[in-house]
Structures are given as C-alpha cells and as structure tokens.
Amino acid sequence: MPASFPLHPFASRDDDDALHEECGVFGVTGMAEAANFVALGLHALQHRGQEAGGIVSHDLAHGFNSARRFGYVRDNFTKQSLMDTLPGSLAIGHVRYSTAGSKGHAQIRDVQPFFGEFSMGGAAIAHNGNIVNAEALRRELIAAGSIFQSSSDSECIIHLMARSLQRRVVERMQDALRRVDGAFSIVAMTRTKLIGVRDPLGVRPLVLGRLGDGWALSSETCALDIIGAEFVREIEPGEMVVIEDGEVLSHRPFAPQKPRFCIFEHVYFSRPDSILGGRSVYETRRQIGVELAREAPVEADLVCPVPDSGTPAAIGYGQESGIPYAMGIIRNQYMGRTFIEPTEQIRNMGVRLKLNVNRALIRGKRIVLVDDSVVRGTTSIKIREMLLDAGAAAVHFRIASPPTAWPCFYGVDTPEREKLLAASMSEDEMCAHLGVDSLRFISLDGLYRAVGEATGRDNASPQYCDACFSGDYPVAPSDRIAQGFRLKEAAE
Amino acid sequence: MPASFPLHPFASRDDDDALHEECGVFGVTGMAEAANFVALGLHALQHRGQEAGGIVSHDLAHGFNSARRFGYVRDNFTKQSLMDTLPGSLAIGHVRYSTAGSKGHAQIRDVQPFFGEFSMGGAAIAHNGNIVNAEALRRELIAAGSIFQSSSDSECIIHLMARSLQRRVVERMQDALRRVDGAFSIVAMTRTKLIGVRDPLGVRPLVLGRLGDGWALSSETCALDIIGAEFVREIEPGEMVVIEDGEVLSHRPFAPQKPRFCIFEHVYFSRPDSILGGRSVYETRRQIGVELAREAPVEADLVCPVPDSGTPAAIGYGQESGIPYAMGIIRNQYMGRTFIEPTEQIRNMGVRLKLNVNRALIRGKRIVLVDDSVVRGTTSIKIREMLLDAGAAAVHFRIASPPTAWPCFYGVDTPEREKLLAASMSEDEMCAHLGVDSLRFISLDGLYRAVGEATGRDNASPQYCDACFSGDYPVAPSDRIAQGFRLKEAAE
Amino acid sequence: MPASFPLHPFASRDDDDALHEECGVFGVTGMAEAANFVALGLHALQHRGQEAGGIVSHDLAHGFNSARRFGYVRDNFTKQSLMDTLPGSLAIGHVRYSTAGSKGHAQIRDVQPFFGEFSMGGAAIAHNGNIVNAEALRRELIAAGSIFQSSSDSECIIHLMARSLQRRVVERMQDALRRVDGAFSIVAMTRTKLIGVRDPLGVRPLVLGRLGDGWALSSETCALDIIGAEFVREIEPGEMVVIEDGEVLSHRPFAPQKPRFCIFEHVYFSRPDSILGGRSVYETRRQIGVELAREAPVEADLVCPVPDSGTPAAIGYGQESGIPYAMGIIRNQYMGRTFIEPTEQIRNMGVRLKLNVNRALIRGKRIVLVDDSVVRGTTSIKIREMLLDAGAAAVHFRIASPPTAWPCFYGVDTPEREKLLAASMSEDEMCAHLGVDSLRFISLDGLYRAVGEATGRDNASPQYCDACFSGDYPVAPSDRIAQGFRLKEAAE
Amino acid sequence: MPASFPLHPFASRDDDDALHEECGVFGVTGMAEAANFVALGLHALQHRGQEAGGIVSHDLAHGFNSARRFGYVRDNFTKQSLMDTLPGSLAIGHVRYSTAGSKGHAQIRDVQPFFGEFSMGGAAIAHNGNIVNAEALRRELIAAGSIFQSSSDSECIIHLMARSLQRRVVERMQDALRRVDGAFSIVAMTRTKLIGVRDPLGVRPLVLGRLGDGWALSSETCALDIIGAEFVREIEPGEMVVIEDGEVLSHRPFAPQKPRFCIFEHVYFSRPDSILGGRSVYETRRQIGVELAREAPVEADLVCPVPDSGTPAAIGYGQESGIPYAMGIIRNQYMGRTFIEPTEQIRNMGVRLKLNVNRALIRGKRIVLVDDSVVRGTTSIKIREMLLDAGAAAVHFRIASPPTAWPCFYGVDTPEREKLLAASMSEDEMCAHLGVDSLRFISLDGLYRAVGEATGRDNASPQYCDACFSGDYPVAPSDRIAQGFRLKEAAE
C-alpha cells in the first residue's frame, strides 16, 4: 500500500493544515443485496474518511462476510466480483481516515468493521468517534488475556463484549459501552439485528432512514438520499435502536445527560446537502457568512471563497455585505487525492497543484477571502501569496469558525496543540503572521447564532461540544491526560 | 484496460449526454527535467482529455524518450520511477479523450504524442483538433506502402512528414500540414526544436508562455499558471512558431484566412481560470448569465447552477436578476471517474451517484436552474425529477448556450446529429420533453455579445466557429460527407 | 486475490490428486537484516506451502514488524520496499498451503506468523503441524471471551498463551502447548528470544543451524544451505530450545514418549537435498526404488519416473533392475502454479499442460513407470493414457509408497478417506481401475527398510507415524472423531 | 514493467552466462477459438522466449484482433477476459526473449506478431530468427518514408511487404523475403491464409501438424503434442506453405541451397520431448553423453548433471561409463524467473537461490559433472565451489558441446565474442580458470556423430550451422561487419 495523503473533498488546504473527520458509518437491513446499498451509502460519506473502507454482511448460507480495502469506495466496493462475496439483506460499513494510535503506516487490520465471535453468536461493529479511555481499557483487557489485532481504540468495544457475562449480544454491547468514555456513534449487526447507538452527549451524528420495508442507519442524511431512503429522524444522544424483523426498538442504556453535539460538524465536516438539527448544512454555513459580514465588515470589490469548503459562507457574506461574490480561486477537480509518490519537483508545487487564481479577474481588486478555519496557517500563507502574485490590491481573510486552539479527542484528527496557530497567537498576531490586510474570525457567539441559538452560547451549560475553540472538554480525555496533556484550567 | 467513462470535471451529466473536448497539448523547452513541467501542465489540462496521456522528451544520452499511459496524469506521470525514464530539457505531452475512428475499446497505440524517425532526424507531435480528410489521406498513404499503427486521424501528419521530399523537419511539417484539412493546434518537437502550429482558422486554442530562459506552449493559460510561467501571447491562427536556443521564430506557412475560433471553448471547454481573448473565461461565463437574465427573466426564489459547469452563469444570472444565488444541487466530489465495472444496482443509480439535491433548501422554492448546454436531455430530465422529488415548487431551466443542433467535426466528441435533442425539437417541444416549467436558451447573438462582440454575430462573416449551433461549417467535413453526412443546405 | 491452485514443485499430478504439506517454518537470530535470511529460508521451503507466506521481525525502534502475503516468497519477500519494513536481527517466517478449517477461500488473516501482545511482552509463532483438539479449545476460549481472528487451528496456541497465568513468555508457551494435542513443530519469537519446539512424538521435522554468531531454526536442512548455515542437529521430539544472546538453552516441557516421525516426509514432502535422520533424502528415495525393484521386478525396456517426485526412486529401480533409466515424460517447467482463471478449453487440457510424453522415445517400448504415491488415481489414469497414445507397448506402475488408505490429521492436507483409492480397493482392483499392465506398491516393511530400519516395521511399537498407510494414529484425532470420523478399529 | 531476467527453464546458470533462443512461433487455422490453441502452443514453446508473448487472430466480425503482453503465456493468455478479445478460427502467436537492437529496456511495441494493413488487405507475421541486413534495410526504408514503430529487425519484413508492387499478400511476402538475409522461420496470416516459411538454409526449425480438419505450424513438435495435433512433417528449408480452406500449398520462392540447420537446437534450445530430424531430442542428448564418455573417460564415483539441461547427457555418460548416475545438485523449482527487484543481500546469493548441492550424497565422492555448454564460465566456477564446499573429493567437468567461441547472428542471444571464455582460452586454460580437476568438451565430430552423422562433420560442406563453435558463418552478418565485427578469416 503506497503512502497516500487523502484530502477532504471540500477542502483544498495542505493535508497537515486540515482537520479530518475520522469516520463515517452506514448500515441497512431488510434490503436484498444489502451490501450494494451500504457501498452507495459509504460513497456518499466518503468525505468522512478517504483512506479505507469495509463492509460486513450476513446471509444464512455463508454467515458473516467481510471485505476491507484501502482506497475509495468507488474503486473497491463497486466491482461485481467483490460485491458477490458480500451477500445477504443485512450489512454495515465504515469509511475511515485513520484510527487513533496507529504507530506507523496504515494496516488493513485497522480497517473496520470489527468482528467478534461470541459464545452465543457474533457481532460486527463500525464506530465513528473516539474512546478517550481506550488505552486504559486495552491494558486491562490484555492483562486478562485478550489479544488485540488492531491499533484501533474501537477494538476495545468488541473485546468488552466478548467478555461480558450477558448472554445476548445486545446486552453484551450495553455492558461494553457503559465501560467506555468518549464519543461514539456506532452501527453494529448480529446475524439478525441492525443496531445503532450514540453516546450520551451525542457528539457524533447518526440518523435513521426508511426505504420500503427496510431500514438504514447513517452518519448523515446525504447517504440516505443516495439510496432513495426517507429521512425518519436522528438517533438521540444516549439512545440505542435495535432493528429486527422490520421493527425498531429503542433502548436507553445510559444515564441521561445534556447533549453536546459537535458544532464543527456544522462548520466543516458534514456535507452541505445533509440535514443537521432540521436545517440544511449549506444554509447554516451561508448563515455563518451572514453573521461574519455583520461582525467583520470591510470595504472590498469581490468576496471569494477558498474552494470548496468556504463557498457557502462566502455566498452568505456577499449577500449580507452587498459585495459581489466571485470565483476568484479555481480548484483543480482532479485532486481528490494528492499525487502519489510524486517527484521532488512536483511535491514542491504544493497548493498550486490544487488551486489556481483566476488572474484576469483578481488583478487590481480588493478581495474578501472566506475560509472555513485556520489550523496551522501554512495554506493560508500560500493562498495570500498566490493572490498578491496575481495582482490583488488587498486581501482580507474572513474565517467561518472561531480560532481553533485546542485538539479534538472525540474522533477528529487535529494537530498537536502546539501546532495550532491559534494556540499561541492572538488574532492580530495571526494577521501579521499570515501577512494579510485584515483577518477576522467569527465569534463563538456568532457561530452559535448561525446554528440557530438566537442568544448565543450558554456558557454555564453550553449547547454544543466546542472544545476545539473553547478548550472546554465535556468528557475528560483520560488517556491523554495520563500522557501529559494539560486541560485549560491546568494549563492556565 | 477496463472500460472507463471519464467525466468532464466541471460537468455532472451522463457521459453520453455531454460534449467532450478531445485533447490538450503542452510542451516546454529550456527547462531542466522538462517532463516534470509537462506533467504539471497536462494535469492542469486534464479536463480536456481524461482517458489517457503521453509525454515525449529528448536528451542527448538516450535520444527520444516516450511514455504513454491510460488514466489520469496524477496517477502516472508523477512517479519518480516513470519520470526518470523521461530525461531532457525539451518535452511535449498530450491528454486525450478519444481519437476519431477508434473502432472498439481504447488501445495504447492510439495515445499521443506520435513519433516518427525520418531520414534526417525524428519528430514527435501532439495534436488537438480533428482532420476532416484523414480517411482519404490514410487510404492514399497505405496504397503507397505506409503502415499505420493507430486508428487516429493525427497519425496521417507524421506519415505525410515521413514522405515529404523536404530535408528539414520543419519544412516536412509545413508540407504535411498543407495537405491536411480541419482543425489543429499542434505542439511538436525535434531533437532541438519546440514547435507550435495553429490551423488557418485557429479553431482550437494555443498559447505561448515564458519561464526564466525557457518557453512553454499550452492549450490554455491555466497550465502556464501551474508551472509559474508568464502568459506571453496566443499563437495566431495560421502561425507556426519554432523555438530553438531560446529564440522564438514565427512562420506563416498557410494562405491567410479570417479566423474562426471555437465559441464553445468560452461556454464550456476551457477552464474558468484560463484567459481567452484577453478575458477571464469565468468572467465571460458570468456575463453569459447576465445576458441570459436579460433575455429570459423569470420570477423565482433561488438561482441554482447545475454544478460545476453552470456555476459562473448562475452567479451572473443571480446578480443581474436579483434572485439569490444558492447551491441547490451538491456534487459528490469523489466522482472524477464514474464507477468502474459497477454492479447492475449501482449502475442504475446514474446521476444520483454524482449529484444530490439540497433537500432542506429546495423544498417549496421556485428554482431557476442554470446549465451550460442541453445535448441529449437525459440528464436534464433526471435533475428535474430530483428537484421535484425534493419538493421544488417550480423548475425553470436557463441554458448558457444556444441549442446544440449539429455535430462538431473539429475535435469535439458530439453524438450523432439524430441524438441531439435540438436537431429535431423546437425550444417549446424541448420544454415539454424535459417537463420543466420553462426552458430558455441564450440566443446566438446574446452569446456573441457575452464573448465581447457588442453587435452580436456577423452573419455575413461570422467571427467564431459556431457550427454546433448554426450548422455553418467553416471547413467542409469531407470524410463525413463521403460517408453520407448532409450539410445544412443539403439537409434543407 | 484470485483463486489459485499451487502445485508441489516436485509433483505433477492434479491438485486434488496430491497430498500437500501444510507448512514450513524458519527463524533466525543474531543476524543483521534477519528478515532477508528468513526470506531465503522460506524460498528454500516453498515446496512445503505455496499459497502464502509471512515474516515477523523485531527491532528496538519499531517493536514487532509483520508482513503477510499471498503468493510465492520470491514474488513478495524480495522487494527492497517490503523488506525495509522488516528490520531487526531476529525474525521468523512461515509458508503455508492452507489451514485446517478455512471454510471458503483464502484470507490473509489466516496467514502466519500469528502475533499476540501479552501483559509482560509479546510473541509471534509459526506452526507446522496440526492440532487435533483445536475445535474444542476454540469453543472453550470463545466462551471465556477470546476473539479469534483466523480460522486456523494454530491461533489457539496464542490465545492459550495470552490467558496463561505465568508471567514469562516461555512459560506461557509451555503452559499453552501442554493443552494442545497433535503435531507441532513451532518456531516462535519474543522481543529477544528465538524459540523452537517439537511435539513429544516429533511428527514434523525441525532442525538447528549456525551461521557465524547467529542461529537458525528450520523445517529442513536445505533452508540452512541456502543461507550458508551449518547444520548443527535436529531439535529432538518433545524438546524446546530457547535461543537468546547467542546461547541455546534446551527445555523438556513434556512427558517423554517414543518418537514417531512422519515417514511420508522421507517419501515425498521433504526436499531431496535435505538431510533426515542423518541421510540424504534423495538417497533414501533412491533406496526405496532399489527395494521396490527387489519386491516387484518386471521385464521392461525403460524405467521412467513421473517427474519430478518419482525421479530418485526410478533411478534406484533402474540401477537395481538393470533396466535403463530414461526421461520418458517431460515436465513443462513453467507450471510452478497452474493457470490462473483459465478458459474452459485450457482447463480441460489438465495434465497435458504440465506433462508431455517423449513420444519418439516411448514408441514400442515396455515402460516401468515409477511414481511416489497413488491418492485418487485420476492423474495416474491420464498418464497411462498419454503413454499408450504415444505407442508404449506396456505400462507397469511401481509406487514408491504403500497404498494411501487413511487421511492425515497431523499437518498434511489429504482428501477425505472415501476419496482415497486405496481405502476401497485392493492392489489388483486398483490395477484394473488404472488400466495398467501391472501395479505394485512398496510394502510397509520395504519402506521401513529403505529408511534404514533393517528389520522393517516394529508393529508392536512402530518407529514412525505411518497412519496414512496403516490407519494407526499415534494421537487420537479428537475433533474429527467428534465430527464422526471412525478409527480403524471402530471402522472394522 | 519491472526489469526481469527470465531463465531458460532447462538451465540454471546466471542469465548472462547463458545462451538464449530468441523466439518461438505457432499458428493454427480451421479450429474454433484458435487463439486458445495458440496460447497452449506458446505455453509449450515458452522455453524459446520468456520475456513476452503476443497473439493475433482474425474473425469476420472484428477483423484482426491482437494482444501482446510481457510475462509468461500462462499468466496472460489464459484469462477468459483476454481470450474473449481474440475470436476467430485463424490465429498466430509469438514468444520472445528479446529482439535485436533494443537499445534499452523492453517495450511492448517490440513484441510480435507485427501487423500491417496493405492496400489489398493486411497481414500479421511472427518471426523466429534474425535478419543480418536489417539495419541497412531499415535505413533504406526510412529514407523512403516508412515509419518504424519497433526496434525489431523483424519489422523490416512488414514494411517491405507494404511497399511491394505485388497485389496479393503472399507475393508481397515473397518479394519481401527475397530482400532479407539471415535466418527466419516465419508464421504469418492474412484474413484467410495461414503461412509458414523457412529461409533457404533452414537454420531455425518449423513443423507442420494436423488436428482434425485444422492445421498447425510450430517451432517444435512438443507444441503439437500439447494441443493433441499429429506431427505431419517439417517445413523444408526454403519452403513456403500457404494453408487456406484446409489445403496446404507448397511454394519454393528462393534459389535452392544446401540446408544448414542449427546444431545447437539439438544440444540445448529445443525441448527434450521434441522430435528433430526424426529423433527424440532427449535421445540425441543422451547420445552426446555416450560419445563424451567414449572421448573423455575418467575415474569417478558419481555422474551428476547440472540440472536440468545437462541431465540427458549425464544419463548417457553414466550408462556408457558404468559410473552411477545421481542427482548431486538439486534445482529450486520456484525459480522460473529470478527474483524481481531483489534486495542487495538476496541478489548476492546468485546461483544458490537456484541450485543446492545434495551435501550428504556428495561428501567424499569424485564427481563427473555434465553441463551443456560453457559460455562465460561464471556459473561453472560457482558450481565447482559449491561442490567442494560440500566435500566433493574431485570435480571433473564434461561439456556436452564444443567450446562456444563465436557469437550467433541467426536468432540466438550470445554475449559479445570477447566475453566468451572459449574465444580466448584453450581447453587447458579454461580448466585452470574454472579450477576443476579436469575439463573436457565433446569434439565437433563427436557432436556430429551424436546427431546422426556417422562420419562426423563434412568440413568441405558442413551439414549444420555450427558457427558458434567453428566461426564458419553460412550467411555473412553484413550489419555486424559494417559495425566492425571481424570474421574468422579476417580475425586470423
């Protein structure tokens, strides 16, 4: 497997200058050739994990069938020869960016779904999120004789299930998940059941859909659309649904808590055509642009997005400010993945392989450039250089999220805190560092307003998980604290 | 080589419902590791031909070096191991969609550049365009003992050069091109010279760029940008430039004619960040939208593009009409190529693999949908269905080009005339056929105005080749006429 | 991974008409780039398992490194890029035919070495042989919460080790192996130790070699030769050697038993250039031919082997009988693997793809044809047909082993008993079935004499495991008995 | 295409220490799915060319169909998907080692059959042999405007045919071949005809076979055997057969000459199960061993072959001398190709990857080692070292051919003359150089006797081409002489 550096499809920044969702999950039951539906669903969720994907199905003749592959869904799970090995009307799947703890290069054994055979049956699980006490659990399980096959935090769940004293798989899973801290949206299956669970805070999304007599579970609604399924509702935080024989049973295995959904799903991770909290993600992002225009107006000739993730906010900024929206930067559409094994000369081209300035349009113009976030800032500098090279008269950065100053421990791959520009610089310092004429981030309250909280953030009891902006972690990241990570109060 | 169905990156329609540019050409001289620059240039021109690509370089130690591959530039011509086989400071390259006359599936021998060894030296050529008397020339050459290795019309040129009685390669090429009818923008090379030629009408684009002491020739300016070269000027219709030892010499081997550049390059083929006729292609397309809003206004809630090719015109339509621009249809960014060897179930998903409606945004809204063209109409029907499924209150199609009623014989892959919807239906009939609330195409004069001809089309002596709209073919397609094709006057 | 049907390199019969050794194991310590030595050793042992191979190495910087691949050693474990991922001076490896219990097509997770991380360290093991109570152990381990990743019987060992209450890996392994019934020659490693073990009967071979300051363990001596190591001695039945810091420590973890080495290793499995019991395997096989000539003489013109496994016995038969030895059948040397995914027409060619009769030599001659064994007899019939087609005057089969009437449960892949020709036919019936002029097998006593037991088989306490000939199983195959297999006494 | 170094299957020496046949040809007509028969025939001829293979077929629906691939026949021309692209009842094929003149690494365009479309039809040809005036012809053809696509000497033939003034393809071919000097056995086809030709000297073999109503042409009879065809006769030197509608017509297009078949085909190139001159090649080689034992007796304990090419002669030597024949050296059967892209350490293993000494057998014995030839001597030295390392008491080399002192220009790949050991050393000097106890080559007369010429070589008018031994070239190698090669008389 050659090293590869997959990109978020709606992003254009350097890979280490981006945040990556780690996973997407999808499952269906009650549909002939279920694995084909799962392949389609995973294709629609590919932006949540480009590195690898896997599908497990079950049929009476063969039992559990499994295929896991590196690369895009469209390149693997579309071949008749492979799909023929995944028969059955019940199947789940997973796409991933990378798992926590992978010490070196990617290994197929880290690709989900994971499968375990138990004394009363077997189960496969696909996990989106991150378990913050996985290291401690792993040590405990190894001491008891469990053998881990992957470096994934998610594998703990299947071992905890194997060792549960419960007889039934659903109860084994409840047992296991009560031991687990952190964020999880899980799609699992037994021989006859499709199961969906969200952690008590509901950090990661999970939705329920219906197609004919069958049911689907998905990270996002856009994957229901691709198979033509109707969006029924979100799985609620702390809820477990067990679907069998066409019936959906709802369980509440956890002590109730106030939910704190990841606010960055609105800003960046979810697809713009998905529905979150009853509203189009696109529309929310456009509204962020509107808020940003109100908070941080500037005189300029054109509003341009950094394509493609900045586009909705740029449209909103343009509409609110009255400055014409324009495509000042064009993305090369052949860069779904960056160049594999490139020559030195090509590697040095960096962002120019992906983006080009619309020179004839930009020359002499004052540009408001709207981007979704600033992580390390390396891409921002290159884009500013490209615009000035092309003759822009001024470059004003407007960022559709607050400064990203803290790492995520709930299923998003973020650089270490010390590499986050906002961890050590003020807005003014960042403006000077990036060399732009002005730089403004949307405020945390502005972001909350844009996602529908009219009065902004409730600081006493925040409505969302916004740890990456605020350092306010709703679940203590215990493994990382054991490794020396200092929480905000400790750091201050 | 598995069958593949590459898509125009800025398009989203079904493959047989689209027009395809057949080629892009690029060449550099006076740059160390020239093949790397050519790889970058071809990557930027990939939208002009996704099926295959080739590079020829020359160095003293090895002579001419050649590599031709199916697939994207980024997947082939980026590997150190391959690029090491292409040393030298002079190189040319080609990306192609498909050649005229390929009787079955794609063969590597049809991939350009073509190379010929002559008695006084050798030459490689890369050709964008189409030779309309290629069949007649091929018969004549075979009778004289030439052996063709490909099914490409372009191979005629190299055989005509081989048989020329001139001694010098440049003069052999002039000899050969004087025998050839049709459209050609050629980048060629000898051991020491980089050569660029455009046919007397200048149907296909070709531009000259400069980087340090080196020179580049390219189909479009966006490929100069990627290597950091400065755009010097367009090669003029009927001009041949010969670049050697850092000097550019200009020849005029053909009888002068009034140029007729392909107007569809403005509408669709060229990248929006390229410069054509001194203006940003993006800006021209936005202006088409402005003209369209003036010619064909309608009451509506949102203006949405069919992504990505309809986007600039939709922005212009929104700005001129005052109706808010919005991303009502989202393109799956993992569809650079369609699914290879898909299962039946997946193949039937068709356009839903590529596009999804932003349901929460569209519901209850009257939509102006802006697309670049209507070819067979099959995709348009599916998009209309998707929008109505999602609850749109009305769907008004606005098309950024006049009705496409005639095939192109100058280097664009178009369906047979009988498959073009506009060949047999009026605008009203098409509206009924597509099932939309209204359908309007920009007028031919409106299009001419948008590309900068203030008074519209000069019908006595048209400024552009617009045969696909008008049936007015500037060069008689002699091979096709011999096969039974009837010109407009004959058809009427 | 396309289905493939690898052949024993010294055989030529149809794949389902052959016996297959299931594994070869190899390990080295104290040698820089140990994995390269293991690759060489596995290449020399490829005849013991052609389907897949794996290597695990350990170095301080990376810990345990692992690579497992389908296909030949020479095609995988020779690439610099792969071998670079296996650094360290301690490594073990495994080649396999197929594991017991694989319910469908081959999966990479079944490829050894297996690795387990324990609370006080980790270990990797490579196992040649078969565990006859693996199913029972697996059920017990699953009930206790162990999760199996493969369908291999060998995985039990690593789980038993993980659950051992001992702290040190060597003692955990002793614990585990005392629970295991059947045949095993194991090469294992911890971070610092290379370990070799043979079951108390010593059914499968394992030898110790020395190269400079380093040590090697191997299934056969031929693999010591390829790395230039000196053959020191055989690991004794029931012995465990632990090699660390250049020292070899010998343990005796099992109750002592009278050894019963597999006599078929002499007849067929081991390479002719290996040394077993102090004697060249080639020489033993030649001696089998000598015994066979004495037991079953016949008048004939030529003695021909079925290449290549019958060659040494045919040479011996010729020398003892005085009938000239000749290559009457020629093997196509390009059949290391049979045709992959062949067309129907080609598949029907069967044995003719692999063997051809030397027609000009054979015509009119009476042939003694020497083969190593008769399993199902299908190949024998085809060879007889080929010889008669070519004009042979008579065909006398002489078989270098007694009739194979019972399946092996100790690490050899044999057809079910009902498919073994000798399970239901007498020698005369087989002769008629095969349609040959005469058919004689060597007697069991004759075989014992040829391997050096001057007085033949000690029926009271046989010197070898000869269950495949005698039905006398030295360890009761408990899993198979539970599935309904009837032992000889029960069957009679 | 990674570089590969295929081995003669019956050889074991280092690749640059061996002679390589350059090609095998095969064709059939009048058989449904002809390409499948050609694939089988080429598989049987694989020893004549391991690098690449190609097949051309013709059917009415598609015309000429072609597929050319690097690698073994069994890995390419056995896949249903590929064979389905080669329909028709008339097909020819070619396997090759490498063509003359390839300046660098292998290119698919050099793989035969070559195809040309002429004004009155097309033809494909497959050529075994070498054209000694190809360079001169190529220059002449290029000057006239022909464009060469390959670096192969064989391509001249198709260009000469294209330019012939004859109308019918058969006559064009006769025209072309009269211009060509050197060795050629050609299998060609038009839309309806299968054609076979041998040069007037008949240097390379070509035989005719019959299967039902169909006909086959093949380099050797072993390839007739594999498809079950009956061997009818050899095509005669200087004969052209044209097979159409089940009829075989014989032409004599060339001035008659005394034939001089390549004597080395008997010694080494042809498969031992083929029939040459009415006799089994195996039997001829055994007879060479008999002659060698008479000419060069020695006291010893064992006669051993260098496997596999020395085996028949070693059997003969043993039978004549009374010294027991034994397999003292065992060949690793997994070395059909040498390691691809090996690590440095593995590459250094050299011959030990391929051969191993049967140590327990060899120790203390005096060995007669029979090999087919000595080219550069590098392998011989390594084998001698291996035997002495293993404890051999003495090593006597006996070589089944006379000293190879001159390069072949008729289709065999030989090192330059200065690299041939026998070009600069006497037998005694070679014995000292190789460090063996004695070294003897068969005499040229002895070789002639062994191939059936009772009175040895007719020096006035030799019965065979033996230029590689004698320097007596039956056709002057004009291209090579122009490049400075000095014939024997000139050299002396």
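Remarks
Order as written gives the chain letters A, B, C and D; numbering starts at 1 within each chain.
Here, contacts are C-beta pairs under 8 Å (C-beta built on N, C-alpha and C of every residue); 3 or more make two chains touch, one makes a residue touch a chain.
Listed by chain with UniProt protein names: A, B, C, D = Amidophosphoribosyltransferase.
Everything numeric in this text was worked out from a predicted model, so none of it was measured.
Of all chains in the assembly, none touches chain A and also chain B. Taking the mean of the C-alpha atoms as each chain's centre, chain A and chain D sit 62 Å apart. Rounded to whole angstrom units, the spacing between the C-alpha centres of chain B and chain D is 50. The centroid of the Cα atoms in chain A and the matching centroid in chain C are 50 Å apart. Within chain A, not a single residue touches two or more of the remaining chains. If each chain is drawn as a node and touching chains are joined, the picture is one closed loop, every chain linked to exactly two others. The full set of touching chain pairs reads A-B, A-C, B-D, C-D.
Every residue of chain A that touches chain C in the complex is listed here, in rising order: 62, 103-104, 108-109, 116-119, 139, 142-149, 158-159, 162-164. Put simply, chain D touches chain C in their complex at residues 9-10, 33, 36, 39-40, 43-44, 46-47, 50, 72-75, 78-80, 83, 221-222, 225-226, 228, 271-273, 275, 278-280, 282-283, 286, 308, 311-312, 315, 319, 324-327, 330, 332-337, 339-346, 349, 352-353, 356-361.
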